Amino acid sequence: MGDALVVGGRTFASRLVVGTGKYKDFATMKAALEASGADLVTVAVRRLDLSAQGDKSLLHWIPKGMDLLPNTAGCYTADDAVRTCRLARELQIGGDKPLVKLEVLSDAKMLFPDGEETLKAAKVLVAEGFTVLPYTNDDPVLCKKLEDAGCAAVMPLGAPIGSGLGIRNPYNLTIILQNAKVPIIVDAGVGTASDAAQAMELGVDGVLMNTAIAGADDPVAMATAMKLAVQAGRLAFKAGRIPRKLYGSASSPLGGVIGA
Amino acid sequence: MRATVNGESVELPEGLTVAGLLQHLGIRGERVAVERNGEVVRRARHAEEKLAPDDVLEVVAFVGGG
Amino acid sequence: MGDALVVGGRTFASRLVVGTGKYKDFATMKAALEASGADLVTVAVRRLDLSAQGDKSLLHWIPKGMDLLPNTAGCYTADDAVRTCRLARELQIGGDKPLVKLEVLSDAKMLFPDGEETLKAAKVLVAEGFTVLPYTNDDPVLCKKLEDAGCAAVMPLGAPIGSGLGIRNPYNLTIILQNAKVPIIVDAGVGTASDAAQAMELGVDGVLMNTAIAGADDPVAMATAMKLAVQAGRLAFKAGRIPRKLYGSASSPLGGVIGA
Amino acid sequence: MRATVNGESVELPEGLTVAGLLQHLGIRGERVAVERNGEVVRRARHAEEKLAPDDVLEVVAFVGGG
Amino acid sequence: MGDALVVGGRTFASRLVVGTGKYKDFATMKAALEASGADLVTVAVRRLDLSAQGDKSLLHWIPKGMDLLPNTAGCYTADDAVRTCRLARELQIGGDKPLVKLEVLSDAKMLFPDGEETLKAAKVLVAEGFTVLPYTNDDPVLCKKLEDAGCAAVMPLGAPIGSGLGIRNPYNLTIILQNAKVPIIVDAGVGTASDAAQAMELGVDGVLMNTAIAGADDPVAMATAMKLAVQAGRLAFKAGRIPRKLYGSASSPLGGVIGA
Amino acid sequence: MGDALVVGGRTFASRLVVGTGKYKDFATMKAALEASGADLVTVAVRRLDLSAQGDKSLLHWIPKGMDLLPNTAGCYTADDAVRTCRLARELQIGGDKPLVKLEVLSDAKMLFPDGEETLKAAKVLVAEGFTVLPYTNDDPVLCKKLEDAGCAAVMPLGAPIGSGLGIRNPYNLTIILQNAKVPIIVDAGVGTASDAAQAMELGVDGVLMNTAIAGADDPVAMATAMKLAVQAGRLAFKAGRIPRKLYGSASSPLGGVIGA
Amino acid sequence: MRATVNGESVELPEGLTVAGLLQHLGIRGERVAVERNGEVVRRARHAEEKLAPDDVLEVVAFVGGG
Amino acid sequence: MRATVNGESVELPEGLTVAGLLQHLGIRGERVAVERNGEVVRRARHAEEKLAPDDVLEVVAFVGGG
């Protein structure tokens, strides 16, 4: 629809970014990725399991034409996140200004991003030429600092990873959007299609999700739902919705009623 | 010589290169990256770079993630 | 998608029902109706303006293949609503068990349906062989009585007509759905795409709207958004969403992190 | 004779039928319905049914509505 | 505070009306009633258990000075409700224009009021000289009809009886308030203190509750909380709250900061 | 009620902390402070206006027995905040481990706290022996870091200062509470009484507000409302509320209905 | 004679008054109201009003309710 | 000598102490605190501590705030 998402000079036809984790098998994942219509998918970097031989790699199952967005999931310090990104760059076999989803969490329980470490890592990675997309709390000040640090986009959460709580604080997102000069992508928290549509209607540039699709009873159907919901929310945002009013107003003519 | 690979201490032949290590580990085809003592070893140098005793090595690949 | 809406023996491919009021011109209306993908559209019955000659009628602008759902908008009594339906049947040139949207409002200010008069009219119209779709408040008891009176579907409001407030009370809708044996269609209140998706995710069988599309800055774009949102919400409902949890859970593997 | 059409009192020729009324009002092509004294006059009877003085007539059509 | 609740010519110092059901014992009920500060309490009318002898009656446990508001709970038809009110009047030993809480439910599952039967009963009871306080759904039209039928106050639900869901639809309550000429009392749905405060802040004249207090782990503490919450909400309503704004504004002076 | 708020070894009978800014005059402020029942009030530090002579100082208008909580409002860097606290300590004429409300904002528009600078200042102030109460965003990780830095309490916002939006994100507050070992006080965002009650019901230890009272049409009435609401919310939190259920349950006995 | 009291069929002495019924049922002190065949029997008439065979009686009191 | 007081450049008598400054500014009774060149001057030292040319002084008090 001539309304592409542009991040760090790269253009993506879809505003939906999807993950590759938590699927019950690769075949289901592949079908869901295709149904989602996404052209950017997140992947994690992990030690190769030296005992498991010949096990088909993830990459065989990612549809052609989808770009990879390696993440730093599992890192709790800026240093580990930076090391992980360097390995991810190597795995990408070069590529100029490689994309990375920077994610530095505080701990394994709260699963909230550690803003201090995230900002520290972002500065290092930008200096090293990465195209950095940081996952962050919905803190307008932190989001602005990440933008100022040179991040190509900023990805505030809608709610904690995998919580399915939707957009907990649309007010903060609105303030973030009004002060941002880079794309804002809602990352994490979406539970169902209307959550994704609502995020887009707020004016965010994209939505990133994994659990909402992979964890649904029918991941392929949910992937399709999310594709449609992101398109619907984007269109509704641009179409200019009607104002909210306490009292309604008739949608049929007031005059010309019979027997009046 | 002994070295640490993905957190485990293993016995490796002397003078092994990174490329040799991967072969030794039976890794082929796989798209992997190697970190030696905290520094990435670029693919181009796999054939030259020799390992040393007590090296700490990380051999990683992409897996599903969100 | 083999998931049609069936009302009173009629089958509709789309679960979105749209109105024809409030458009700035017929051309815009036609484009929006086509974009909506709806195959059922509401129309009002009004006295012919005897002074205005040769003015192209509404029907010339309704895309072929769309069924008409005449409403009784503007009626404040059961009697006027019944007379209006009889005239609508004549305008439809017969047709067996003609569809009518029964709407009896209390007054021109609150614009809330008058349950008592609506139920009275429903009984008469069912007896006369109409396929009755009543617009009603989200009162579970009244909705049940309308179903028991023989209505082919029941259409509780999400919010007052034209208010754009969305689904004000999802709890009532859920109770209505759990006790209904006929299709439940949310009529009125939807303001933007996520509202329509949310309604469908609750499990309603369809959504009827007019102002949200006709009153948008770009009605055609909003009509497309609504088409997608209704499909998204329906798919998400059937796909089985993930549960909501206060704490998240990682979407990437917990083990195998470097340097751990 | 005088009758009320759509709420307004009008002078009509004697012995006019419903069909005649529509013609008299210059209505053609239009998809309209007619109510006479509270009862719908089916299209099939437009040509036969004669109007009487003081009839209250409603001539309606579909318009845009929600 | 010179801000009494006046219903049908009777004046009540407290705007909190409490029930007497569901307590684990009469002693706890009495303590809770006293803590609530209410001066109007609801009671039910039931067949005397002829087998259980000498069992101390409820009335011994209701603090002196509290007026009784007999309800018609358990009635599913207008007739049963009317018969129950006549018996209640007899139990009150006369009293002019006796107060009754009219409650006619649809069924034992949904527990929603049956508007049609409630309105029918209200008309009979008003004609017989009762001071009728009907429990009703939050339907603005039905509430208006109950007022027009001569009810002394109208009591829309916040949410279903005992659900603890709070004020599900503040929009409807606001519309009801703007169109009412008799006191509006929120009956049912309140779960905790902030729900009661919120209801009062909307401008309702009183709040009626039973389960929220009787079902709390500590009914006496909750009764005190509700007393304070109703007072707080009423005061806040009259004090005129600040407007809601997306962006904040400093509460300390902007000038005179050191080193500026 | 033997349920005092203890912060840094100090005990406060009231869990409501109020500000002294934005009042139309000192007399109104004094009346509101007294009505609030608070025993801790915030004050700002500003350059003495050398031109305005003999103007009665704020301190003459603060009721006896209220402790002062000097803030660092207006500071945008850790350094300015630290300097301001040192001056505040001098103004307090010593006192061991003086209380300060640490507030470092990002800018004059968003009015959101700058977590990075706040944390930096907190570490310095704790080292200098201050009892530090930092105002912060509702970021569970940042709140934990402030606690670990030695802050005596942590004060996440409910919504931006003066916005009156209430508790925007109760989920984050709940997570903060479940992970905190020091008192959590909601600072900013409260607009009306039910907001304060809701915050307390979540389990927070106190609520700090200024604009909601000073900006109300009747500040004294609103101060009273807030006093009652904080007490109500605290009591309700401790009383153990009933669970929320989609379907209600009768509050009157099901058996013994006449004519059954 | 037999009558129905609170839904149960019971045997009662002939010519019993409402007051007698309450005494017969051992009800005293209790604040109760009595309905006979659908009509309330005012307290003032308890001593006079005689019951008849097949009467349907309701004897009620206040209980806790919301 | 010239010094900066609360952001404004002012002319002050030579050898003025902090206590003298406050008197010079007509400040009495007021509960104030003084910062000299970034450092607080404790009240106990107001009588001793002498100002120097180009000093940057802040004289502050409590005002209403939230």
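Worth pointing out:
Letters A, B, C, D, E, F, G and H mark the chains as written, and numbering starts fresh at 1 in each.
Criterion: a residue touches a chain if its C-beta (ideal position, glycine included) is under 8 Å from a C-beta of that chain, and two chains touch if they have at least 3 such contacts.
Just so you know, these numbers come straight off a predicted model, no measurement behind them.
Taking each chain's centre as the mean of its C-alpha atoms, the one that lies farthest from the centre of chain A is G.
Counting C-beta pairs in contact across C-D and across E-H shows that the higher total falls to C-D. The interface in E-G, C-D or E-H that matches A-D, meaning over half of the contact pairs are the same by residue number, belongs to E-H. Averaged C-alpha coordinates put the centre of chain B at 63 Å from the centre of chain C.
Between chain E and chain F, the centres computed from C-alpha atoms are 33 Å apart. Here the spacing of chain A and chain G, counted between their Cα centres, is 73 Å. Inter-chain spacing, taken between the CA centroids of chain B and chain G, is 96 Å.
Among the residues of chain H, those touching two or more other chains are numbered 7, 35, 58, 60, 63-66. Residue positions 19, 21-22, 44-47, 71, 73, 83, 87, 109-110, 159-162, 165, 171, 175, 188, 210-211, 214, 246-247, 250-253, 256, 258-260 of chain E each touch two or more of the other chains. Interchain contacts (touch definition given at top) occur between A-B, A-C, A-D, A-E, A-F, B-C, C-D, C-E, C-F, E-F, E-G, E-H, F-G, F-H.
Contacts from chain D toward chain C in the complex involve residues 5-7, 25-27, 30-35, 38, 40, 42-43, 58-66. Remark: chain A residues 106, 109-110, 112-116, 119, 137, 139-142, 144-145, 159-160, 165, 168-169, 171-172, 175, 179 touch chain F in the complex. Residue ranges of chain D in contact with chain A, taken from their complex: 7, 35, 58, 60, 63-66. Every residue of chain C that touches chain B in the complex is listed here, in rising order: 250-253, 256, 258-260. Residues 19, 21-22, 44-47, 49, 71, 73-75, 80, 83-84, 87, 108-111, 159-165, 188, 191-195, 197-198, 201, 210-212, 214-219, 221-222, 224-229, 231-233, 235-236, 238-260 of chain F touch chain E in their complex.
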